[in-house]
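A, B, C and D are the chain letters, set down in written order, and residue numbers restart from 1 in every chain.
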Amino acid sequence: MKSTNATTELCRYNETEIFVRERNLCTELIGKTSFTEFVFMQVTGRNCGPTERAVLDAVLVTLCEHGMTPSAAAARLTYLGAPESLQGAIAAGLLGVGSQFVGTMEGSATILCQLADSGDGAEATARDIVAQHRAEKKSLPGFGHPHHRPDDPRPAALFAVGRAAGVSGRYIGLLEMLSREIDRAYGRHLTINATGAIAALLLEIDVPPSVMRGFAVLSRAAGLIGHLYEEQRKPAGGAMWKAVDAAVPYEAP
Amino acid sequence: MKSTNATTELCRYNETEIFVRERNLCTELIGKTSFTEFVFMQVTGRNCGPTERAVLDAVLVTLCEHGMTPSAAAARLTYLGAPESLQGAIAAGLLGVGSQFVGTMEGSATILCQLADSGDGAEATARDIVAQHRAEKKSLPGFGHPHHRPDDPRPAALFAVGRAAGVSGRYIGLLEMLSREIDRAYGRHLTINATGAIAALLLEIDVPPSVMRGFAVLSRAAGLIGHLYEEQRKPAGGAMWKAVDAAVPYEAP
Amino acid sequence: MKSTNATTELCRYNETEIFVRERNLCTELIGKTSFTEFVFMQVTGRNCGPTERAVLDAVLVTLCEHGMTPSAAAARLTYLGAPESLQGAIAAGLLGVGSQFVGTMEGSATILCQLADSGDGAEATARDIVAQHRAEKKSLPGFGHPHHRPDDPRPAALFAVGRAAGVSGRYIGLLEMLSREIDRAYGRHLTINATGAIAALLLEIDVPPSVMRGFAVLSRAAGLIGHLYEEQRKPAGGAMWKAVDAAVPYEAP
Amino acid sequence: MKSTNATTELCRYNETEIFVRERNLCTELIGKTSFTEFVFMQVTGRNCGPTERAVLDAVLVTLCEHGMTPSAAAARLTYLGAPESLQGAIAAGLLGVGSQFVGTMEGSATILCQLADSGDGAEATARDIVAQHRAEKKSLPGFGHPHHRPDDPRPAALFAVGRAAGVSGRYIGLLEMLSREIDRAYGRHLTINATGAIAALLLEIDVPPSVMRGFAVLSRAAGLIGHLYEEQRKPAGGAMWKAVDAAVPYEAP
């Protein structure tokens, strides 16, 4: 653990004032900015204009709720054992927001950045990437969905929001080009999915891939409040327990 | 684990559509509702009007960021050991959003509900509650702050937002009355703090006390993204480790 | 946050030695003490004699594994989304080790301490406690089990270990007396359950109630390793997802 | 989520009996097996002989406690905000048991397996691995320590336990060979560290790399109980908060 001169530029306060990135919380922010605008500003340090706001709102709305996901189930099963700790049940649900579902947006964003860096060679790069994934039998992050066929309905809605809000469309265009290359290479249609579209939209507003997962976690945290409030009024955790127990029976080795 | 007929009313979907509380996600929500409005609707099942939106935005903006809190430190120290899991570092930071800091909003809300139920006897009830807390040397939830003196600046800002947004002002009024009784009984001024004010504001828009902590968790989740993104670019976790190690030296028993 | 002179007496180290509670880790502990003995010593600061060791081993063995519990299911569902973070899946499973299942050992221990403090009046105190719980329709912590009837098989095994290991038997005796009063008051047999028996056993070796839950968490952490290793080789998370989704269908409000 | 015929072979039970991997919990395990033996059997499905027991006890004793680590600090800072949830504070501490500290045992184990697979070419393979890490300026997992110089004292103690307990010594030997190649290539001595030694020991008893981190999590869970029990009696969380706040001051951008 080497000595560091670590500093923070997020927040300072005194007895009567709080400043978040040099804006006075009580006179400049509370009542004058939406939560979405505040979050964009707090995280990135940049002002949240109408374009960023429209895109980030759309992204956060998209990922919040999708029924009895593993994440929602983990939160409800945890609440069954520890109702004294709402934060614990939310945390349990968030711990599954990892590499396999929404975390694929990082992989998708990385590919889109590669394509952007290829300039005129973007189509050739796309063909190479698709060919390599096919050869290694790896799925392409941002494509395919277990429930939604032939097309996940969210990407089109997200692209429309982005374009109406005035993004450049560069990353959306690259994702659509990649999609065409995939369909050609596989000889069948594979949908762009929500995390692929969100990767493109967040790149349009300059959110770096390394922090994208954070916005997915934020959105799911909100969704889990809804699940746990429903759990308080209409408990489902007991039924879930019974269901998982029945679904995975004992079998002697 | 008794058999239950558990159901959910949060979300349904088919191959081409997703409905959250019967609204079509892609045609009615994405691009047409802010994250704050969506969250209010998803959690409570009610439409989010301009009053609810203004109040909830103000509440979420208020709690998001307050510097190097124990929560932010826990998240950064966790990230130091497991940078592969942004969700794990966020979850670690959220696990401290419990009874001692923001969780006091539930205690505060419970007292405000008691006062509301007392009708004309609210002042007498307030005096009793204050006397009882003094006798038991228990702190009154929603009052006092370690840093902000003589007054936490956030309650006034929050009350102004609420009143401008058209809340009835019933719970704000009860909290202000309670504050006067406290000052009288203690013979000195104790500030209403942010969690006290937020308890009143959330009651004004009919958010039940049992789920209030969820909104604090949501707001802090956003704040932790900012801390971890800063940690990625300007690591402070090593300096924190060194600091806690020095702050708590070994002493033989 | 008041200034404190905080110190720790757990561990000190230099470039070539590590001392845990003043024992040299490498020359006095590794290879010379079992994990159970080490844990008892590290947590309590006392030496772990053969009595403490036998009791703590029995307690930790008892709570480790009980099939597809909500805790095991939460861990497996979390692993499905984030296999890169074994620690995250274990943490998710541990977050449900709260007030409703194993956490009842604290309530049970508190009652046993009350009985112990009552001296000759223990039976009268037991009758009062039982009557009060009946009047308030509250379940008695440490009694009853959803699966095991008429008797949870674990308490008898635990008591036998404790007695063979030379505990005084004071708390076991009080729990058995309480059990008789419960059966008399309810007019039917209610089993002592594992957490009740464990509360008594841990009191016999002077483990304070405030930290008992920690040993349950430790034991379950071990059990979850087994579940996640099985999940690596024979994935069940997908089947669990499908099962909870089917078990809690959508119903329009 | 494809349909699966998921089963478990960990545990079955009926009204009066519990079986863990076909052993009767109450008649064959409680009082007849140590926690360490039980855990080895529950996780791996194999009997825990004296060799496995000695090795696993030594491993678990080694990793349990090392002072005010980031993990211990995260747990204590979390407990400060949520003392109602001991499990939450433990979970927060465990979330940092990731790729950067103890998680390096997986990387170390992977290299040792590569060496083992190389048969007579092990030394050449070791030279290649060392050269490649040097060229990429990557640290070699299992080597080096920030505090312990010139040698981490734990590996020698662990190797002695393993050899006395009758392991084959194959992986210990390969790690020692790798250590010699490293010292030669770097022209200076780099210590084998605890996680490197533990990787070798766990391979000696056939614990697969994919689950090794679980045992580190288990050991640290125990250590965190000790930290939180000390925190209950001698709170240090407030001093830690103050220390991290002072260590990372605000600096305007």
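Note that contacts are C-beta pairs under 8 Å (C-beta built on N, C-alpha and C of every residue); 3 or more make two chains touch, one makes a residue touch a chain.
Source: prediction; values computed, not measured.
Q: What chain is the most remote from subunit B, judged by the mean position of CA atoms in each chain?
A: D
Q: Does A-C or A-D have more contacting C-beta pairs?
A: By the number of C-beta pairs in contact, the winner is A-C.
Q: State, to the nearest whole Å, the distance from the C-alpha centre of subunit A to the C-alpha centre of subunit D.
A: Centre separation, subunit A to subunit D: 31 Å.
Q: Distance from the CA centroid of subunit A to that of subunit C, rounded to the nearest Å?
A: About 37 Å separates the centre of subunit A from that of subunit C.
Q: On subunit B, where are the residues touching two or more other chains?
A: Residues 1, 6-12, 67-68, 82, 84-85, 87-88, 91-92, 95-98, 236, 239-242, 247-248, 250 of subunit B touch two or more partner chains.
Q: Considering the complex alone, what residue numbers of subunit C touch subunit D?
A: Interface residues on the subunit C side: 1-13, 15-18, 20, 25-27, 29-31, 33-36, 38-39, 42-44, 54, 56-58, 60-62, 64-68, 85-88, 90-92, 94-98, 147-149, 151, 153-154, 156-158, 160-161, 164, 208, 210-211, 213-215, 217-219, 221-230, 232, 234-236, 238-242.
Q: Subunit A touches which residues of subunit C in the complex?
A: 67-71, 73-74, 77-85, 88-89, 91-92, 95-101, 103, 236-237, 239-248, 250
Q: In the complex, go through subunit B and note every residue touching subunit C.
A: 1, 6-12, 21-22, 45, 82, 84-85, 87-88, 91, 95, 146, 247-253
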